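Next come two complexes built around subunit A: one with subunit B, the other with subunit C.
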Partner chain A sequence: MTLIVILLNAILVDNFVLSKFMGICPFLGVSKKLDSAAGMGAAVTFVMVCATLCTYPIYTFILVPMGLEYLKTIAFILIIALFVQLVEMVLKKKVQSLYNALGVYLPLITTNCAVLGVTILNVDKEFGFAESLVNSLGGGLGFTLALLIFSGVRSRVSNADVPEMFKGVPATLIAASIVSVSFMGFSGLFG
Partner chain B sequence: MSTYILPMLIFGAIGLAAGILLTVCSKIFEVKTDERIEAVNEILPQVNCGACGFSGCADYAKAIVQNGVPTNMCKPGGAEAAAKISALMGIEEMSLVPQVAVVKCSGNCHNAEEKFNFQGVQSCKAANRFYNGSKACAYGCLGFGDCAKVCPQGAISIKDGIAKVDKSLCIGCGLCAKVCPDQLIVIRSIDKTIDVCCSSKDAGKFVRAVCKSGCIGCKMCEKKCPHDAIHVEDNLAVIDYEKCTSCGTCVSVCPAKVIRKCDEVYE
Partner chain C sequence: MAEKTVQKQENKGMLKELTKGIIKENPTLVTLLGMCPTLAVTVMASNGIGMGLATTFVLICSNLVISLLKNVIPKAVRLPCFIVIIASFVTLIEFLMKGYLPELYDSLGLYLSLITVNCIILGRAEAFASKNSVLASVLDAVGMGIGFTLALFAMGSIREIIGTGKWFGIDLHLPVTMTLFIMSAGGFFTLGVIIALVNKIAGKSAPAEVGCAACPHAENCPSYNKTEDKKEAAAE
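And now, the complex of A and B:
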């Protein structure tokens, strides 16, 4: 039961993009098309879950016994970079079109603070292994959900008759804030 | 001392493990790039004009090698590039007729009336937004040279207040046609030599009042054309290049002297 609560909490209430404002760069960068948004979401979700899979044991069984908790940031970044490289190789080999569509945003997952954020929050909230994994999965799904919703919003905005000075980035940012406000409605859902 | 050495060892070990994993995976997921892509790319002129419909020369080269796209789509490269690429790919040569840009307006400062003196931002786009520009004819070339600025070959110059294309330099990429706010520039194959040098769809009487060299829609050309290749639509003569044989009958009958052979149009 708590696992389901953690999952829904990570997707809706503590949505990384729309409530915590992490990972804004790919959120604005690759949300123009539904296809690339879905691909980006899947890639980030994969990296989040795999990174947690590795960072949790490394933190619990290596860093904590040695008293090296203060090095968790650099250790986590190392692991995240590893998985981003892996995803990049696989996509280049298997899904060339998605690789081209994501472009520079793919290697930039490394510096996506949502990924580092989820691994560090797992530690800070003192989650167990299963809880950490579920939280990461929820974070990734929440990121994907935000990206998909926003790509739909953006396709509507691009067809709308926007005043000249709001065209492009300003209209996008305003739309993002409105989507974010709608997610604020979930706050306090699970107490 | 161990405060420093232990973390270094641990991180060295983690880094080493990650490095080995990545090396193994890079072998498994190795992508072989086709060396012909690079070879085709070198033949292409690297103008990156986008006239082929791809986002640049490299993209077009990739499409040729991987998807078997026709080799004759590069307009700047022309027949020469098409032949070389076909030879490289080992396929039959595809013919390519070079294209040129034509400015369909001859209302220069001697012919066309002005309705005001425009002192704003010196570009066709800006001038066109201000009451369709300063020319009394709403369709006329505004002569600020937006097309000349965008031309990768420097083939367009402004002479007597309107754009002129140097046919020997023009590669037919069509960038000027996209940027012209009045859509006055058309791209046609170089072997057709007759052009209607006017784009005005206004009625003949009005055209006569504002420009000495405007099409008045009198239909003389339509009546005399032996090949049924020229028709007046919306008060403007339009040539059907599929049927036109460049015989020059319409040139000789046009009372406004607005249908011209291309030698007269270009400098």
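And now, the complex of A and C:
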């Protein structure tokens, strides 16, 4: 039961993009088209879950016993960078079709704050292994959901007649603020 | 005499490195980098300044070290090297802040660690510090840091005053406050309005794209490449 609560909480209530402001760059940069939004979302979800799969054991079995918790930022970002590189290489060699779909988004993910954010958040909230994985999955799905919704909103905004000074990024940000208001409706859903 | 002119010109060049980050290439409001901390921590003016100064510290130190090491770091592994240097300084500032400013440390929380992946820092390392002299890199970092801090301070002030009717915790006795401004929706809204105003004042039309050009991954980024293709097509 708690796992489901964590999952829904991460997708809807604590949405990474719209309430925690993580991964704003891809949210604004890659949300112009539905298919690229879906590709980026899938890549981020995949890397988030796998990064948690790697960082959790390293934190619990190496950093904590040796009293090196303060090195978690350095350790996690290196693991993520390494992992992204590895996934890119493996996909390129072995799974060509998946590489074509996700490949272009992978290098961007190293510096995506949502990925580093979710791994540190799991440690800060003292989640267990299963809870961490579910939280990461929820975070990734929430990110994808926000990107998909926003790509739809954005295609309408780009056709709208906005004042000259608001054209481009300002109009996009204000549209994002309205989408964010709609997600506020979920707050307090699980107490 | 001639020497003096050269010196003067050099000084002018150096001054430009310092001032460009504050107004002309303001990282948040013009090149649109580092949006996550800009939106996330600016619920209070003091938080904005704290985040801005912490980022400035990391930016100066990492620019300094990277420009010192620019000939030692192999090109193929430069990004991981930059990230490790940046993450080390972030860990340092985390310790310092935890020790001396525990309140600020608590209110910035997770976002302090996330300075590591702030595009401004990696972007400046890649676009400037790895190609320029030590002095120019430090001046560039100071300018960019001040620009970032000012933008965060402005955001934080607007959101704190409208959202809570206070400024640095001092009650301003405003008749109306809108709590929405200290929530996430208010962050997007305030930033959108500020960028629109900056565009209006700067007298140019809004930048069509989010500022990906300085991002170290720009060459791999689908949205950035698309605009480049368009520009090339237009040039042809």
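Criterion: the second predicted complex is superposed on the first by the 170 of 191 C-alpha atoms of A that agree within 3 Å, B and C clash if a C-alpha of one lies under 4 Å from a C-alpha of the other, contacts with A are read in each partner's own complex, and residues count from 1 in each chain.
By definition in this document, contacts are C-beta pairs under 8 Å (C-beta built on N, C-alpha and C of every residue); 3 or more make two chains touch, one makes a residue touch a chain.
In this text the structure is predicted, and so the values were computed from the model without any measurement.
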(request) Go through the superposed model and pick first if A:18 touches only subunit B, second if only subunit C, both, or neither. (result) second
(request) Give the label of whichever partner, subunit B or subunit C, reaches more residues of subunit A. (result) C
(message) With both complexes overlaid on chain A, does A:124 touch subunit B (first), subunit C (second), both or neither?
(response) second
(message) In the overlaid three-chain picture, which partner chain does A:92 touch, first (subunit B) or second (subunit C), both, or neither?
(response) first
(message) Taking the superposition on A as described, I'd like to know which of subunit B and subunit C A:78 touches: first, second, both or neither.
(response) both
(request) Determine, under the contact definition given at the top, whether A:161 touches first (subunit B), second (subunit C), both, or neither. (result) neither
(message) Just checking: does A:62 make contact with subunit B only, subunit C only, both, or neither of them? Give me first, second, both or neither.
(response) first
(message) With the touch criterion stated at the top, can you tell me which subunit A residues are shared between the subunit B interface and the subunit C interface?
(response) 71, 74, 78, 81-82
(request) Would you mind writing out the residues of subunit B in touch with subunit A in their complex? (result) 6-7, 10-11, 14-15, 18, 21-22, 25-26, 29-31
(request) State the interface residues of subunit A toward subunit C in the complex, per the touch definition above. (result) 18-25, 28-30, 32, 36, 70-74, 77-78, 81-82, 104-105, 107-108, 110-113, 116-117, 120-121, 124, 164-174, 176-178, 180-181, 184
(message) Can you tell me which positions in subunit C touch subunit A when the two form their complex?
(response) 32, 35-37, 39-40, 79-80, 83-84, 87-88, 90-91, 94-95, 109-110, 113-114, 116-119, 122, 180, 183-189, 191-193, 195-197, 199-200, 205-210, 212, 215-217, 220-224
(message) Can you tell me which positions in subunit A touch subunit B when the two form their complex?
(response) 58, 62, 66, 68, 71, 74-75, 78-79, 81-82, 85-86, 89-90, 92-93
